[in-house]
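Shared between the two complexes below is chain A, which has chain B as its partner in the first and chain C in the second.
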Partner chain A sequence: MKVLEGLYYSKDHEWVKVEGDKVYIGITDYAQHSLGNIVYVELPEVGSELSAGDVLGVVESVKAASDVYTPVDIKVLEVNNSLVEDPSLINNDPYGSWMVIAELKDKSQLDKLMKADEYRKFLEEE
Partner chain B sequence: MDNLKKTPLYEIYPKYNAKIIDFAGWAMPVQFESIISEHEAVRNAAGLFDVSHMGEIIVKGKDAFPFLQNLLTNDLSKLNDNQVLYTFMCNHNGGAIDDLLVYKYSNNYYLLVVNAANIEKDYKWMLNNAGIYKVEIENVSDKIAELAIQGPKAEEILQKLTDEDLSQIKFFYFKDKVKIAGVECLVSRTGYTGEDGFEIYMPNEHAVTLWEKILEAGKDYGLKPAGLGARDTLRFEAGLPLYGNELGEDITPLEAGLGFFVKFDKGNFIGKDALLKQKEQGLKRKLVGFEMIDNGIPRHGYEVHADNQKIGYVTTGYFSPTLKKNIGLALIDSKYAQIGNQIEVIIRNKPLKAVIVDKNFYKKNYKK
Partner chain C sequence: MLKEYESLIFELSKEGKKAYTLPPLDVEEKPLEDMLPKEMLREKEVDLPEVSEVDVIRHYTLLSQKNYGVDIGFYPLGSCTMKYNPKINEDMASLPGFTELHPYQPEETVQGALKLMYELEKALCEITGMDRFSLHPAAGAHGELTGLMIIKAYHEHRNDKKRKKIIVPDSAHGTNPASAAVAGFDVIEIKSNKEGAIDLEALKAVLNDEVAGLMLTNPSTLGLFEENIVEIARLVHEAGGLLYYDGANLNAIMGISRPGDMGFDVVHLNLHKTFSTPHGGGGPGSGPVGVKKELADFLPVPTVEEKDGRYFLDYDRPLSIGKVRSFYGNFNVMIKAYSYILTMGAEGLKRASELAVLNANYLKEKLKGYYKVAVDKTCMHEFVLAGLAEKSGDVRTLDVAKRLIDYGFHPPTIYFPLIVEEALMIEPTETETKETLDAFAETLIKIAKEAKENPELLKEAPHNTPVRRLDEVLAARNPVIRWTK
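Right after this comes the complex of A and B.
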């Protein structure tokens, strides 16, 4: 399973990429692989303010629907509508398929997330 | 997975990257490569399924015919030797105890193929209803493995492994003791995908050999190992019911729109009075097909609303890999069941619009 350096990871298998005050959030390679073919994506409204642990969106595989959570407090600035039109993009390129670009409210929350090597270890135990 | 039952193929699943799930107490592959690619393989070429979890019950003896004629809803009197019949076994309220296939060897020897989750229940029901009939009922489920090869290329692939002329086995007929790759098998032209294909029964110890030989024979034809995930999306598109979703002890075959397999004119059978009464009084609910208008995937158990009230629930729903649409089956109040009617499916607390359509979403591609 691919794990990229430089990203932050949650136990629910979301990734967070930081760029200045902004973050990109998506689901990991492990997550897309566990789900199988993704056939539906639901994203939040632009402007919505979400706390860490809130539902960010929904991804559905052929078999089941799964919630995606934001690992950090955010205000949504942009959503990736191309995923809604073609959900299989997440299967093909999970780290390129950001679901939202958002304003990061509290940088210190990143310390609670895993770095790449920690996430790799976490996956070995899953 | 340790406490689950396993088919003879369990040991070789890792070789094919199977993803294993608990299905009715069995450790079964839900997918190998991906549900959609396996689904497409079956529609366009062929897929090979391990369905060894299915149950097999033999009924033999002098009274086998009258016993089964009383036990089952379909009419066995018109069945030829070597023919297969789809039927229900109902309780006294007309609810379905199971849906099953009957393989007729002769008037005093039949093989019943039943759902994995219902084997024990069916067997007990049969014993309890044997009464005065002179029959022997034997549950041979643990000794028999079953593979299904399904898809437009199924016959061509299987033919490579046998001298038997498979084109002579017609739709819903079978032949026993057919040698496939040297193994004696029971072969029927039946399936659960809406495509042409065969179901193959053999003693457990030959299952691995046969699985590998068939995959080898099909490798230039696009044959893929296929899991229960694709099996469900395939049967669903073809409008075939799944016990536990479209059928159950609380859902009658008439409500499920399967009255064709209930023959009121054949004489008495268990459940007849209740079913006849339901038919005469008119059905209060019906199974319908629907297509989402709003964007969302309907799932088993979701509520269906109309006129601001609950009118039923989704029995099965999917993003259809063949039609590329979000579609479903629902059991709803008959008042709303007309094709073209608009309904609402409640998805994550939101009412999303859908329209009733013909439930045979995909036109079956049988070779008759």
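Right after this comes the complex of A and C.
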């Protein structure tokens, strides 16, 4: 299962990429793999303010529907509508398929997330 | 079999073909435009198929022969209780005294029908340990919605308006969180423990004065009895919440234990599962909702009451959540369930549950070793396997299920509950013989061997069906929901 260096990871298998004050959020390779072929994606409204643990969106596969949570407090700046049109993008390239670009409210929250090596270890235990 | 009848009815259509012959018109024909306002007329002809009567009959008869149901073979669909439906139920529901009733008939002319509903309610109360039932909900999820609306009305009537949250375990039937959301609640999901039961610590962590209730099925979706149920009820009640019982798994406990005694405040039953009325393919089902007496005032209207030997519909219930279904629910289904309850009697229902549990355990023991068991404990009326015991290439539960079709069995529920990977959920029910159970077990064991020796056989299954493996992903991503020329 692919885990990229330089990203932050949550226990619910979301990844966070930081770029200045902005973050990109998506689901990990492990998440897309365990869901199987994704057939439906729901994204939040641009402008919505979400606290860590709030539902960011929904991904649905043939097997199951699953909520995606934001691991950090954010204000949504942009959503990736191409995922809504073609949900298979997440299966093909989970780390390139960001769901939202958002303003990061509190940088210190990143410390609570896992780094790549910690996430790899976490996956081994899953 | 004529090949052309295998196609869609639209594809059978030929211009000018008719399935009727009307006598020539003996009055002057008037154009529609003279009789109806223009804005009410269609702009284009409706594109209905033009076929002869024999086309229609052959097409639909052949279609019906492709059906699979409990009258054809074994249907171990977990969580669905696909038991055999005794034909005496159909006889009773076909009595002209029932079939020729009109719902607007005066009460004094439908005393028998009202008595049946009254008596059915009493029987369901006794079986579940509840005080009152409404027979109106049309099926299970409708029952859930009705039950949750009652919970909401109860809290609001007490002026406790903070309670907006419903707790649902992650092992729950998908309808539970969906119904709670439709009823206007926020859904809090809690993780189950390794045995698919409620994690008491996880429950305690989310209980507070905003919680309206907890939805639970017992036995759990892993087919195991929720042993901490009394403690769970105490915790939820102490926090001011109510306990909701999803009756999907009642078939395991009839005559043995009762949701009402476990501390549940609201239950829904599925007459079309537990009480042997046909289901699948769109119903009709019936999902009665039962409550403890503190909640009885909130039940939908009308209720059926009795006074001095006369039965009547009571609409005078000011706290009622109102009507949830036209007329009085799916009455025909009630007749079948009532017929079943009377046929079985108290001892018979208990025996049915005992045999349902025995059959499930028998199958589980036979399959152990060839398939992983999700939780290897004595199960209730169903059990969950976690895929093949020995991994073979990329053969998955889906392939096992498809291969079962080739052997003439309806596959079990797969990939549910979500907390078990590669889940196969098997519910044999009490109405199957040992011979059927043996044949099913032998087939599953044979499939496990095929998975090792010839995995392609599974990956390409089913081989013997009118259509081969369907592309579920394509169907979900690009559904074609309307036929066009």
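Just so we're on the same page, the second predicted complex is superposed on the first by the 126 of 126 C-alpha atoms of A that agree within 3 Å, B and C clash if a C-alpha of one lies under 4 Å from a C-alpha of the other, contacts with A are read in each partner's own complex, and residues count from 1 in each chain.
Going forward, a residue touches a chain if its C-beta (ideal position, glycine included) is under 8 Å from a C-beta of that chain, and two chains touch if they have at least 3 such contacts.
Since we're looking at a predicted model, the values are computed, not measured.
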Clash or fit (per the criteria above) of chain B with chain C on chain A: clash
Touched partner set for A:Q109, first chain B, second chain C, both or neither: neither
Contacts of A:V58 with chain B and chain C, given as first, second, both or neither: first
Which superposed partner A:V39 touches (first chain B, second chain C, both, neither): both
Single chain C stretch clashing with chain B - from 4-12, 166-174 or 436-444: 436-444
Touching both chain B and chain C, residues of chain A: 37, 39-40, 62-65
Interface residues, chain A side, partner chain C - complex: 34, 37, 39-40, 62-65, 87-88
Complex contacts: residues of chain C adjacent to chain A: 174, 415, 418, 421, 472-473, 476-477
Residue ranges of chain B in contact with chain A within the complex: 19, 30-31, 34-36, 229, 233, 295-297, 299, 318-319, 321, 326, 348
Touch list for chain A against partner chain B, complex: 36-37, 39-40, 58, 60-65, 84
